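The two complexes that follow have chain A in common; it is paired with chain B in the first and with chain C in the second.
Then we have the complex of A and B:
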């Protein structure tokens, strides 16, 4: 069994979709550790990054066991085109807390729905792993939603900044729902029922946005539109991946 | 990570207060009673304690920066998770120590502003560069190891909130130290390239670790407020000696060589030779060693180190970028302070 076998497996692609979102989200947001706007939220954001990376690890580990790989190999040793994260997670936040928060909130809300579904599939190992993630994911969604509301309905300035972040991210947000593999049928249970899940996500997001005095138009992108989940990543992904693997590449070694 | 070793030696303190109250206060300290925020204390005690706790808090959040820069490059999932958790701990220590300081009478925002305008300082060891992953291993092993040694003596101090915070911090630092030791062992047991990475980083950090405890105290240190009032409980030289006794043999056991190095202005080693002073005195049990370059120490602490400007600039960027969030939730200040 090889990395190529894993990449041809439809279920593995669905798992990687969530795991890679979490890997890149945790990876990029961890850059805020020590630099967030207030110390208490710095600590909370760092905990979420650790959760995201730990969740990714739990899922990589499931695949590693199935395909005779190591979790680190899956995390660090794939070609860029084999990462299944969506474009939204890799958008640089340019040290703008509104972008960082909005991005994490969009993704966390999506992931919560995705792992809920994966927790019910007819694959006990994966389902059981996903059940472990549900409570922590729910805390993320609650925490992030509260912050979206707090800053959206805070001052005129914070409302403007949050609306600008929303305007910047909303068009790409529906690419969260890009199927990671064209052959996956929309109705397959582990693929979540794309349209139904989108409607659920949209309605949750809109409810929070209303409370936050923010607004966005969220529309599902065409199924045929290819982006990060099918390996067509934005240009910045290559440099993010290079940074993530910088030490490993500089000195190939059996252990670090 | 960072102990409050020597928040710059206090100037001579003029103690102007009720002599009876002062005598009672000093007796309580001598009796080992912890001083609590609501207790009577001399103004100079409050000022010194605030300076010490604030300096320590500053050191924690500036200390988060050099390691934080390596989170995105950590070479495995487990190292990445451990490093985020470690840096998060440092931020958490900063949060706890700012709260101790706030209770002594200074607002958090004032402290953050004083930090980015250069009015207050942080531990000198964070003004040095971390060019490789090996530096991250050495910080966690050598510097966190030094911090534990220092902070254990600070936990014997007299100010209750600070002592309790030290005890809590020390538990977490012990994990950092073990993590650092594991990283160094992994590098030294790895490829030739990894061993060179570890040795080069050790060469950079060994003298910084020796400086960590600060320069020698004044001969009458025990009679001066910091020690008399049990803000610190051990002389810097004594701590340094205990540190060398513990770490010099440990480093050599791992295959590391202790060098005396010349460094350039960027903090990088330009030449080195084995430290021939390294030897165990069987009678005293003490290891002898070459003192670090104290001229360099004073140069760096006065603001002219390799990374002073970079560290403060990053803290300023963080302060400025986050100001709108603090304004929105009603905790913070309102305008950006002028550049230093």
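Then we have the complex of A and C:
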């Protein structure tokens, strides 16, 4: 079987949606290693990047076995249009901690709901893998939520910076819920209802935001709107992908 | 004829690269299939992002492969049952405590509501319960950092999952 067979499979598209979010997020946010605001958070941010990349690997590996491909090839050898990540993930943060944190929190909360659903599907290998990821992801969501609350309810300045980050990212956040597959019908079965999942995500986010003295209007984008999950990526995705695959293109199949 | 006991004994000599316990004491070995010259060892990762896993895999190949009558060994990583600190043996717990790492008893808690222990874990240095969670992300993926307000020491606590 080929990469193209995998890209036509509805379940593979759902898995790639989460795996690609994690691959790009883990790659981008590792830029903060050594630069996060305090030592403990430097370790935490680096650990979460490490987790995101390994979670991506666990999911890529499930697809690799199913479609007779290698996990590395799935991660690095696809055409840009075959990546299913949401472009919210690759928005540059320009080393603004509020942007980095808010972005990570939005995505992590979404991913937790997604793997929760995948953990109950009628596919034992994939479900087992997702069940392993659930507690690890729960710690991310909890840690990030605490940061949102701590900074949002901190000083006037920290509140202002967090609100600015929220204002910048909230309009794009619902693109997390863009169905990755053209055939929405089949995708819906695995998404277990896009609207229902959005409502869950929204109410979780709003609960934390209230505690943080922050506010945002979170609305679900129309189904017809096509973005990154269907391959119509923003320019910032292309530059991140180019950076991430630079070594591999310079030296095919490198070994450390 | 190589028995499962021979293999378990060999595995008990494979150390965790970052803690003073064996992978058996840590509860990473789920099952050993000893039939024939090519036994299969079923291992469970503590955390999916643990960078020690390839090292452990290499050491298991070397140690089990060195048993007389074994040609080579096969390693199968499994995700179920999931690893929790409840899998750590009593010997393992004692060794970790000596090393300044405390371990929780988890039971079958809902994985979505990770019972991160935020306070009152007895300090491994002074025994005080005036302790609190400092960060859920410690020096390795499986350990959180706690702080003791009584003796002002930091210590590590194995995460519940």
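Rule of thumb we're sticking to: the second predicted complex is superposed on the first by the 248 of 256 C-alpha atoms of A that agree within 3 Å, B and C clash if a C-alpha of one lies under 4 Å from a C-alpha of the other, contacts with A are read in each partner's own complex, and residues count from 1 in each chain.
One rule holds for everything that comes next: a residue touches a chain if its C-beta (ideal position, glycine included) is under 8 Å from a C-beta of that chain, and two chains touch if they have at least 3 such contacts.
Since this is a predicted model, take the numbers as computed values, not measurements.
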Which of chain B and chain C A:133 touches, first, second, both or neither: second
Touching partner for A:96 - first (chain B), second (chain C), both, neither: first
Touching partner for A:50 - first (chain B), second (chain C), both, neither: both
Chain B versus chain C as contact partner of A:122, first or second or both or neither: neither
Partner chain(s) touched by A:58 [first = chain B, second = chain C, both, neither]: second
Which superposed partner A:254 touches (first chain B, second chain C, both, neither): first
Partner chain in contact with A:34 - chain B first, chain C second, else both or neither: first
First (chain B), second (chain C), both or neither touched by A:142: second
Chain B versus chain C, judged by how many residues of chain A each one touches: B
Doubly contacted residues of chain A, that is, touched by chain B and again by chain C: 40-41, 43, 47, 50, 53-54, 57
Residue ranges of chain C touching chain A (in the complex, touch as defined): 45, 47-49, 51, 79-80, 82, 111-114, 116, 134-139, 141, 145, 159-161
Interface residues, chain A side, partner chain C - complex: 40-41, 43-44, 47-48, 50-51, 53-55, 57-58, 112, 116, 128-129, 131-136, 138-139, 142-143
Touching residues (chain side chain A, partner chain B) in the complex: 27-28, 30-31, 33-43, 46-47, 49-50, 53-54, 56-57, 60, 71-72, 75-76, 95-97, 150-151, 154-155, 157-158, 161, 243-244, 246-248, 251-256
Chain A-touching residues of chain B, taken from the complex the two chains share: 61, 64-65, 68, 71-77, 79-81, 84-85, 87-88, 90-92, 94-95, 98, 133, 186, 189-191, 193-194, 197, 314, 317-318, 321-329, 331-332
